[in-house]
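Chain IDs A, B and C follow the sequence of writing; residue 1 opens each chain.
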Amino acid sequence: MRATRTGWGLLAPTLIILGFVGIVPFLYVIYIGFFDWDIFAAKVGMVFAGVNNYRRLVFDSEYLAALGRTLQFMIWVVVSELILGFVLAQLLTRNFWGRSVFRTIHALPLVVAPIAVGATWRLFTIPGFGPLPYYLDKWFGIEYSISRYAGHAFTTIVLMDIWHWTPFVTLTLVAGLTSLPKEPFEQALVDGANRWQVFRYLTLPLLTPVLVTTTFIRIMDALRVVDEVWMLTGGGPGTSTRFVGLHIWLVVFPKTAYGYGAAMSLLTLYFTIVLSWLLFIAITQSGRQTAS
Amino acid sequence: MASRPLRKTLSGVGTYLVWIFMSVFTLLPVYWMFVVSARSRVELFGGPNLIQTTFFAENYLKPLSSSTYRGYLMNSLIIATSNAVLVMILAVMATYALSRYRLKGDENIFFWTITNRMAPPAVFLLPLFLLYTRVIKIGEWSLFDTHIGIILVYCVFNLPFAIWLLKGAIDGIPAELDEAALVDGANTFTVIVRIIVPLAAPTIAISGILSWIFAWNEYLFAATLTSVNARTITTGLAEFVTVTGTNWGQMAAMAVVAILPGLLFLSLVQRYIVTGLTFGAVKE
Amino acid sequence: MKARLLTILGLIVVLSMLFTLSGSALAAQPPQQEGEDWWAKAAEPFKGVTIRGVSESTPPSKYAAEVLAPAFEKATGIKVEFETTSWDQMYDKEIKDMEAGTGVYDFVYIEQDIVYAYLDRKFLVNITQMMKDKPELVWPGYNPNAFTSFVDYFKDPATGDLYGVPMEAFIKVYLYRKDLFEDPEIKAAFEKEYGYPLAPAVNHKQYADIAAFFTKWGKDHNMELWGTTVQANTGHPSSFYEMFETILPSFGVYNWGINMDNWKATVANGGTMNSDRAKEAFAFWVGMLKYAPPEATASTWDEVAATFAAGRAAQGWVYGENAAWIATDETRSKVVGKVGVALPPLYAGVLEDKVLRNKGYIGYYDGGAYGIPHSSKNKEAALLWLQWIARPDFQVDWAIKAARVTETATFDDPRLKEFDKKVDGYFTLLKEKGFLFAGAPPFPFHATIREVIAPFIYKGITGEMSTADALDQAAAAVDAELVRLGYGK
């Protein structure tokens, strides 16, 4: 190993930026989480509350419900996007006429701002003014209202997220697939392996790092989603699409409960980390089995 | 078992069917956004028909002729591109360091850097606001409402992901290649630029694209940490939502305009993903 | 491929250059005024200073930003930088700024419903005091009595000192389709079915009858017409606002049903939020949904205005700032010239309570002011700006462009009277009956408690809870939260 000074030197700018703009605010959030800080409370200012915020969170039914909904959402969305993205990535590695056109179209949702995605889908699905409910009613007699029925709202949000983020999965998997070394595959064909065996014992394991990265990113982002959901349903009908990211946003901004919001964020982060850790173990375990 | 040519045709047809279906699914909302941008306010609730024959150009002209909105577009361009470039450079450097050097505590560093990306953003706005307006201050100048301020914040989100992505790619480049070059008299800089970058190009490109896209589309932090000078087009979109009615037409028009640079960027950089096909051969 | 992309890029660059040239022509010119030398002299020490303000991007603010601000800069040399943003962003940023004392903004938009919170936290500069301390900054033409009663909302109740200069004010009125109400065929059919003549509803029973009638009429005649609008968004506080600021007062339940002596909302503890009357109100309002178009459950004030402007509703509760463009702007409304304005329908005794005993109020007085944050670094320059926007010679044009009136003299201007005819006397109503309406109650915890109550309202609308249960649970939650915040025991 070469002079570690060069190593630290290369790493330094990154560390400085992340330290100042990332870690310092993070520490401040941890600090605030131990206080009662409601901007418009009768007792002004920050009042030390120890772990009271966290204790309240454990019994906060709204928060727990939001977590539950978000988990549901996340599972639906990540599984769908992984499967769809993988299939599409496979298709994209083959060469066919019009491939780059399709690839560009497919990646289009990624370059639309989440707030615009929410706004567009809202205009598309709003009862009374939008085409989707109108034509569903006119052609199929189905009453579709995202502001009335929780199920409709949830399904629409899942679809919207799949629409928006599958290209992300596709692109990263394409990068992964194209970076795979060729010899193992050539060797496998020579050895007479069929498509399924190649997939199961070669592609999947070799692709695992990229798959894991992509899955984790999607999980983290799904657990953090705010703008799109806010634009589309505001968390409604009722609170049926109030996911935890949106819930925290509502607690911090309009409700101006800074201390409680900080604690909530940290607790949510903790859950996210635990979840990711469990998944990581699960994947590497199964990976170990496959390798043998 | 059908004959090979037939199976090939079927899979070919299948591929096209899938892609056509996906394209329609993808384009429908975008098409709708375009239709909305072509309608005047009165037309918007004149019935949800999908076909548009007239084009209400004022939706585009009004915001575009305002120097404020042009400024927003410019700011977005500056911020997103600078951020993408910065992230790509720093990420390559950092990942190379993590990959080739044994640095104490690098696992922990990694973990801490990811947490910011994982946590719900809402609460971080307050400490960042305070940091930018109070702490990092030189006389009258502060990081609030500056391009560099936002670029730095976006680094916090994009760098960890870029490093994560690149780690796999750079680890996959055998260290012997570096050794060989160093023996030949090259310094670390040359090794990175001449050997690492070309071989890891597709992954670098992807991380660049995704950083650019993230920076271009980000709303929450840009809205909080900018005011008039560094405001981006995404926060500009939110301005159309008011008490006296959302000007959906203009908002959609600006959203359409906001897609164009992204689309351009995307199509220009896409080729680097394809370059990866030759990567396998080099590894011989 | 590359060449094509470069051509597109080039086109974009050229187009944007073209627009640079056409940009300036669109700014309107402010009216001419005399006595400019006072302003230039008073602003002498602050020449070249830039003051920054945050506001929502509504027409009144836009007018201030596009017309009044450039004129101000011309007269004083002080530059005004206007950050216009969305409703929630504006609140968040100004609160953050004032809370942290960071001095980012020199003037902020104070909506009437948040002013008590700001006063409580001493976020704002006492304008009356500042004018006493620095008479050289007080414009000779400034008259504190020129404002309508709306200015009282921005005064400290204890001292009467002013903390904000009003810049917009509206009342939420009852709009109805004049053309439909005056149609002979419709009138005959209505009278036949209900036994009394068709006229703007004065009580809730009439309102319900009319709503039912028009919904049926719309269906029978294959029209996209329903009997009423309902601002019942199931995920946005706008539904809470219509319920608590418009419907409840019209039923005689005031101040959100919160008892301001002991800070309790439940009937058991002395409040009225879950009283029988309140439950009747909520049930009535949710019951109106069956006479409203499908977008009602997705409607904020935005969609309500759009619904009425599209001709989809025969009556509705609509904010004044929307009423004006619905009645006059043909680029946005399909019912220009067909709009009638009236006082909202009321429960028996509510009007008498207000007129005879000055108790309660009949509806919502909306609006806002500009104030100076305590943390501002350019308070003097900001003070000049606030007096500038209060100039009487600017008021009429501003009123016609943005339908807002904050000074009594504006009502008598002939140009406004002319405009008033087009909006069926909305301004006359505002002038003569404005005192019946009230802004939000003096709660420093306005936004926090709204967030506590809103989810229950949403669930009452969707039917997830009965309306009675929703109010019961909301009131209980409010009691608990108020104690936690330090109000009451």
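For the reader, a short list of remarks on this structure follows.
The definition used in the following text is that contacts are C-beta pairs under 8 Å (C-beta built on N, C-alpha and C of every residue); 3 or more make two chains touch, one makes a residue touch a chain.
The shown structure was predicted, so the numbers you read here are calculated from the model rather than taken from an experiment.
The count of contacting C-beta pairs peaks for the chain pair A-B.
Distance between Cα centroids is largest for the pairing of chain A with C.
Taking each chain's centre as the average of its CA atoms, chain A and chain C sit 37 Å apart. In this assembly, the C-alpha centroid of chain A lies 15 Å from the C-alpha centroid of chain B.
Annotation for chain C: residues touching 2 or more other chains are 92, 306-307, 312.
Shown for chain B are the residues in touch with two or more other chains, namely 44-45, 125-126, 130, 238, 267.
Across the assembly, chain A contributes residues 129, 251, 253 that each touch 2 or more other chains. Chain B contributes residues 12, 15-16, 18-19, 22-23, 25-30, 32-33, 36, 44-45, 48-50, 90-91, 93-94, 96-98, 100-103, 109, 112-113, 115-128, 130-131, 136, 152-153, 155-156, 159-161, 163-165, 168-169, 172, 188, 202-203, 206, 209-210, 213, 216-217, 219-220, 233-234, 237-238, 248, 251-252, 255, 258-259, 262-263, 265-267, 270, 273-274, 276-277, 279-281, 283-284 to its touches with chain A in the complex. Remark: chain C residues 1-2, 5, 8-9, 12, 15-16, 19-20, 22-23, 26, 52, 54, 56-59, 81-87, 89, 92-93, 96-97, 100, 102-104, 301-302, 305-307, 309-310, 312, 319, 321-322, 325, 330-334 touch chain B in the complex. Chain contact summary for the complex, chain A toward chain B: residues 1-2, 4, 6-11, 13-15, 17-18, 20-26, 28-29, 32, 87-88, 91, 94, 96, 98, 100, 102-117, 119-121, 123-124, 129-131, 134-135, 163, 168, 171-172, 174-176, 178-183, 209-210, 213, 217, 220, 223-224, 226-227, 244-245, 248-249, 251-253, 258, 261-262, 264-266, 268-269, 272-273, 276.
Those residues of chain B that touch chain C in the complex are listed here as 40-42, 44-46, 61-62, 64-67, 70, 73, 125-126, 129-130, 133-134, 144, 223-224, 227-228, 231, 235, 238-246, 260, 264, 267-268. Across the complex, chain C is touched by residues 38-44, 62, 126-129, 133, 145-148, 150, 233-239, 241-242, 250-251, 253-257 of chain A.
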